[in-house]
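One structure is given below, represented as structure tokens, and several questions about it will come after.
Letters A, B, C and D name the chains as they come in the text, with residue numbers starting at 1 for each one.
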Amino acid sequence: MKEIKIGVIGSGSTYNPELIEGLLKRREELPVAEIALMDINPERLEITGALAERMVKKAGVNTRVIKTLDRKVAMDGADFVITQIRVGLMEGRARDERIPLEFGVIGQETTGPGGFSMALRTIPVMLEIGREMEKLSPNGWMINFTNPSGLVTEALNHHTKMRMIGLCNSPITLQNRLATLFNISKDRIWMDYFGLNHLSFISKVFLDGDDVTAEVIKRISEGDARELPGYPFNPTVLKALGMIPNGYLQFFYHRDKLLEKLMSSPGRAETVMKIDGELLELYKDPNLNEKPKILEQRGGAWYSDAACALISAMVNDKKEVHIVNVKNQGAIGGLGAEDVVEVPALIKRSGAYPVVMGEMPLSVRALIQTVKTYELLTVKAAVEGSRDAAILALVNHPLVPSVDIAEQLFNRILEENREWLPQFK
Amino acid sequence: MKEIKIGVIGSGSTYNPELIEGLLKRREELPVAEIALMDINPERLEITGALAERMVKKAGVNTRVIKTLDRKVAMDGADFVITQIRVGLMEGRARDERIPLEFGVIGQETTGPGGFSMALRTIPVMLEIGREMEKLSPNGWMINFTNPSGLVTEALNHHTKMRMIGLCNSPITLQNRLATLFNISKDRIWMDYFGLNHLSFISKVFLDGDDVTAEVIKRISEGDARELPGYPFNPTVLKALGMIPNGYLQFFYHRDKLLEKLMSSPGRAETVMKIDGELLELYKDPNLNEKPKILEQRGGAWYSDAACALISAMVNDKKEVHIVNVKNQGAIGGLGAEDVVEVPALIKRSGAYPVVMGEMPLSVRALIQTVKTYELLTVKAAVEGSRDAAILALVNHPLVPSVDIAEQLFNRILEENREWLPQFK
Amino acid sequence: MKEIKIGVIGSGSTYNPELIEGLLKRREELPVAEIALMDINPERLEITGALAERMVKKAGVNTRVIKTLDRKVAMDGADFVITQIRVGLMEGRARDERIPLEFGVIGQETTGPGGFSMALRTIPVMLEIGREMEKLSPNGWMINFTNPSGLVTEALNHHTKMRMIGLCNSPITLQNRLATLFNISKDRIWMDYFGLNHLSFISKVFLDGDDVTAEVIKRISEGDARELPGYPFNPTVLKALGMIPNGYLQFFYHRDKLLEKLMSSPGRAETVMKIDGELLELYKDPNLNEKPKILEQRGGAWYSDAACALISAMVNDKKEVHIVNVKNQGAIGGLGAEDVVEVPALIKRSGAYPVVMGEMPLSVRALIQTVKTYELLTVKAAVEGSRDAAILALVNHPLVPSVDIAEQLFNRILEENREWLPQFK
Amino acid sequence: MKEIKIGVIGSGSTYNPELIEGLLKRREELPVAEIALMDINPERLEITGALAERMVKKAGVNTRVIKTLDRKVAMDGADFVITQIRVGLMEGRARDERIPLEFGVIGQETTGPGGFSMALRTIPVMLEIGREMEKLSPNGWMINFTNPSGLVTEALNHHTKMRMIGLCNSPITLQNRLATLFNISKDRIWMDYFGLNHLSFISKVFLDGDDVTAEVIKRISEGDARELPGYPFNPTVLKALGMIPNGYLQFFYHRDKLLEKLMSSPGRAETVMKIDGELLELYKDPNLNEKPKILEQRGGAWYSDAACALISAMVNDKKEVHIVNVKNQGAIGGLGAEDVVEVPALIKRSGAYPVVMGEMPLSVRALIQTVKTYELLTVKAAVEGSRDAAILALVNHPLVPSVDIAEQLFNRILEENREWLPQFK
């Protein structure tokens, strides 16, 4: 069995122990010769790297742990490169969430105008990384976690020749929670699933092969959805849809309630920064040699599990189905063949083969097409530094209520992110 | 030269004299043997019919004028049937415009939720008419003016086998106003034009074959658009689009301003009802034998001219280009082959052949796809009496801000239009 | 574990012991409560049925074996109905292969004009069966073996509401032979595969996840393809294609050689009839209680294995990939969403989900589109009894060299199959 | 009125007097300041140029006639560049028609394998011309007559940024002959028309706006088609199609008869060369100052008329419909948006807007898709010098009966055209 090299770009993330744990848990089926941790922040690199070393040591495996400030070292010859960067750091996210609120618009750091702002900062950096990887690891795979994941994956698929899969913890979280709803193990749940990252629908849920969609909708409508993230939803609309929306759909379907909530409570960025600081402190403890429980409150549970499971499916040519972000190629009717979508795919050594989900229902098709259009315009804006494309992206965003606000919002984002957006001359 | 029969369903409209004038003006190229006027209101039928008789007499032509309360008489053997009905009358329109405002939503009687309400009332009646026409005039053409024109034409194209063309005065008005902007005759203006009724864009304007689009946008942006209906628009966005939006796009692009305006000023329905009453009084004058000038204030200028020009182009197999509402069939990339669109078409005796306008620009594609989706769901709701489809239609409408409001709005519309909406059990 | 009922329509086939063997082999994972054998020929039913009973008895399982002349009994409440009928019997096949040769045209009983003739006879009967099954087994699945399988599956998918999967032994045979070529077990081979039944291409072969397509093509070109059915092919063209054609492609790519061969040697129908008779004799032996080895010469090896594996994958919701004939739905770019194709699909209890194979290469796209067109016209002809559609089907068939021959060929087929083709008035 | 410059590449053609006559006939609506005649053969240039000068002089117009051996002079600043070259001269055509016959395959110099051979020689030269024109006449239009016209237009549309329209005399000839059939003027005939150059169908014929398609098919079937080029066709198939095929379809529909005929009679190239020589002799006469009648026997009647009418429609922004070869853009359903097709188009100063012809009928769709595929592969072969693409092009050609012959045929074509095909290393 061939041993692999994994590179991690942005390993200073406090998520890092989860990834290390995920790899160690799979040591039998997924032998890792080298894991190269890279971050631009020497202190975070050192803290998270040292913890990784202690975890590896405790597990008693032979994996070499490299800590580097040079991303080329991490990518060079890697079989898999995991990217989890945050351009502009958590302070950037705070701005992304705050500025739209000034205009009475939901920010939302992935699927909302906050994600737009983040994408403008992030895409140029990710493209650089992608182009380096084309050379340093031409046969490797990028597994991208970097948010806004849909936009980043869209950009890299169109502007680099690298092989990549975009990954999000949303699908695996939904599957886990549905399993909890029925009090069974998650392997017994199958979801027919289509859409974009953070803009997806479960068109059908199966339990042991039997269709339980109506049952799930009924239980959600009766308030029995504590387990599902981002719920509740209007029951009449849920029943009319006959599908289970990703929790992020709340930002579109219940924008009035969400806006009210966001107006009155501090943004999530502040909370996350606080937890993040506490975690880092914890990681410094030289006796800590495993993932601390408290990490699960951080909000990104199952991220690393999803990644490690995906990598193992590829390495072992498992032909398992994972829900990933890849080019559509006809799997979802109503989106372009080249559009990046979030869809179940058969995972082989040679890549991800989307499984056909059929024509999108009329009831949600337009929303998904609209957000894809917004994504394509945002990618264009980010890559070309086109103000026109940027404004038109916001004009098309369902959360932006008028073209005047689109223009003003873009100007404010540019003003507050000047140093991160050199592409806009 | 074969003489034709024209049937008019809803001839009690105060627009009727304009139609009669349009026909008389073209008497040489378009000889009319019989014009059968039908209305459900005997008084309006008599008033407008008598004026039509006086106009015909003054012109000295041989056209037989029939006044009838039975629409079958009007359709029987007609070469063209002009439909211009208003189910629920002007009072219905007033409700259509008012109810959404209660929820802080623009009503707008054609392209907004007001049009949705109107469509639910109107489509079942128009389908009955269409099915009668299939039998009574299998080789005739319906020319539809009935609003909301896009939705009505969509419904009839999919649920009857009749031959029909939907017509609106928007395109001809835009062409006339562009001509005025350049102080030239309208025949020297050509518009590359695509979209849906009241949701269209002029992608290019040509003057004597030369592209003057940039010049038009510049003049509009400099405030020189007094002549264009529904203007102004945000100049930055206009320039980024590089196209000229139909004035009705204001409801989408500047919904905040428009909503504010509609909140504070009485709806247009009241104004129109007032003018309408005054016109009817005027028409009673037994000495009046021509179209009164004041009719042009009514807002529907060039409607009849568009209709008469279209009918003459068909009768005379002119192969002229008119902008009409017909099935797309590939003319506009990004919309379905069966979707009804508003597009330039070559007019022959045998029908309207759309002229290819190409792929929709990314900047406006999603909006047009969204409104078409809303239209398809609305037609489904109107035809099947499906509450689910009705609510999902509003969920998809860009002017409806949340699914809760979609549900409440539909319930209110249903409540206030109970007698007109028997299809919803 | 729920026990299932399987119905077999056309169980008098000498293949039947293979099916029984396949089921018995899987008794642990696939418990069969009842297998209902039906045939229109009482003698064949009795012979094959008695052998089935002996085999079941020997295996010591509880399966009830029913022998019936009434297909409704076989279908009633069945979880799976296997259809393997031959309208017009083997004599019909002999005619199908002979008549085209009179015109210097290859017959070929599935993908050639012989298959056309067979389809005209078979489709109306299969539609009757399908419509009965809609009622008798609304939740059951038809697994169709009836040839011409592509045409029959196309017809039933469009003209019944039944759930069905078309199955052929071609893909599994190719996979087995590729495994033999590398001297490995078949599970280590994966084929990227697309096309129609008997008109398919392996676009990529993987061995343990590694792409070995070029190696396979090289070995085939060097004559090392004894193992692959229907080979050899022109090596220059094979290399230019970069794909491995199904052996049946020989009829199109090497029609001159094949025609010469068929002209000089007796048709396959005669050979098959001879073996068939011998097998039936053998089956009569009351001491025979297992599948005789000689059956494998019959040409349909792996048929039953494919069927039993498929049924087990469905019953057990295995999410395995099988290559089956189902609606395209976007899996293969360049064919319609509704077109039945042969494609890898994920098999669940709830059905077969095609796996995306992407856009067809330009090099073979037109041939596949042409044969699909021929199929659609043939189905139309068979269902409507349309002579025009029948002649146009043959006009479009790549093996028919001129429209005059298309017309004459159809007339001869009709003349010689008069009693079987009542739909052509 | 702006006077225009016309460049003619390949003006040594004996068609040239027809072009000059066409321009002179339209002098009022189409004032030509300069016509620049270019040919690589000085003698032919001089003969045809001198005749052009005498014709211009006789007409008494101010047009400057330039004779040049340098094509850049002809293109520089031209408003229209007419290309009518023949790479390899008439001797090349003779080879193109002869080589396939050696393999029992119809040659046919445009739509058959003869056209394939011609395309390999011609496309590289036409691409050079196209790229020069991009610079020398960036706002001008190329009107291409160079055969094989479909393939050349396809190549130039995809590999240059030039504006161009491909023109053929087939459509105008069909229209003229249909007019003759009814003994009326051609303006009263309209054809619904779709397909590729020399592979097109008239789906409907209208006389004064009335559908006379059935009448035309009936008269053709009764043998009354002396007037239509390339007829007769099998009447049963004609009736089943319900359309009128372009005469060139005979090569596909009646390949057996055509092959027999071509096998026994000398190729058309010899005949044409003979007439060509006679014409040139005639043109030398210093007293000849008009187009000689005998030119009409040359076979290309109405070519120049089509070109001059098209140029005038553009210059005068006439919005007339002409049948031309341009990008499909959705006009014909079943072909790609970028595929060059032959279709009615509205002609404006700014270009040709295809008129929607709708979905292709199933009966002919596959043939047209197949030939388009062959064209795309041929263009690829010609541009890239790819032997694989060349062989696959022939493998896809409906007239090539096997892949072995495809390979051998390409090798022979390459061998006999060595000096003209430097792109194949």
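Keep this in mind: a residue touches a chain if its C-beta (ideal position, glycine included) is under 8 Å from a C-beta of that chain, and two chains touch if they have at least 3 such contacts.
For clarity, every value in this text was computed on a predicted model and none was experimentally measured.
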By mean C-alpha coordinates, which chain is most distant from chain B? C
Just the number, please: Cα centre separation of chain A and chain D in whole Å. 55
For chain B and chain D, what's the span in angstrom between their mean Cα positions? 44
By the touch rule stated above, which residues of chain A touch at least two different other chains? none
Please categorise the chain-chain contact pattern as a line, ring, star, complete graph or other. ring
In contact, pair by pair, are chains A-B, A-C, B-D, C-D
For chain A, which residues count as touching chain B in their complex? 233-234, 236-237, 239-241, 253-257, 362-363, 365-367, 369-370, 372-374, 376-377, 387-389, 391-392, 395-396, 398, 401-407
Flag every residue of chain D that touches chain B in the complex, lowest number first. 190, 204, 206, 208-211, 317, 319, 321, 329-333, 337, 346, 348-350, 353-359
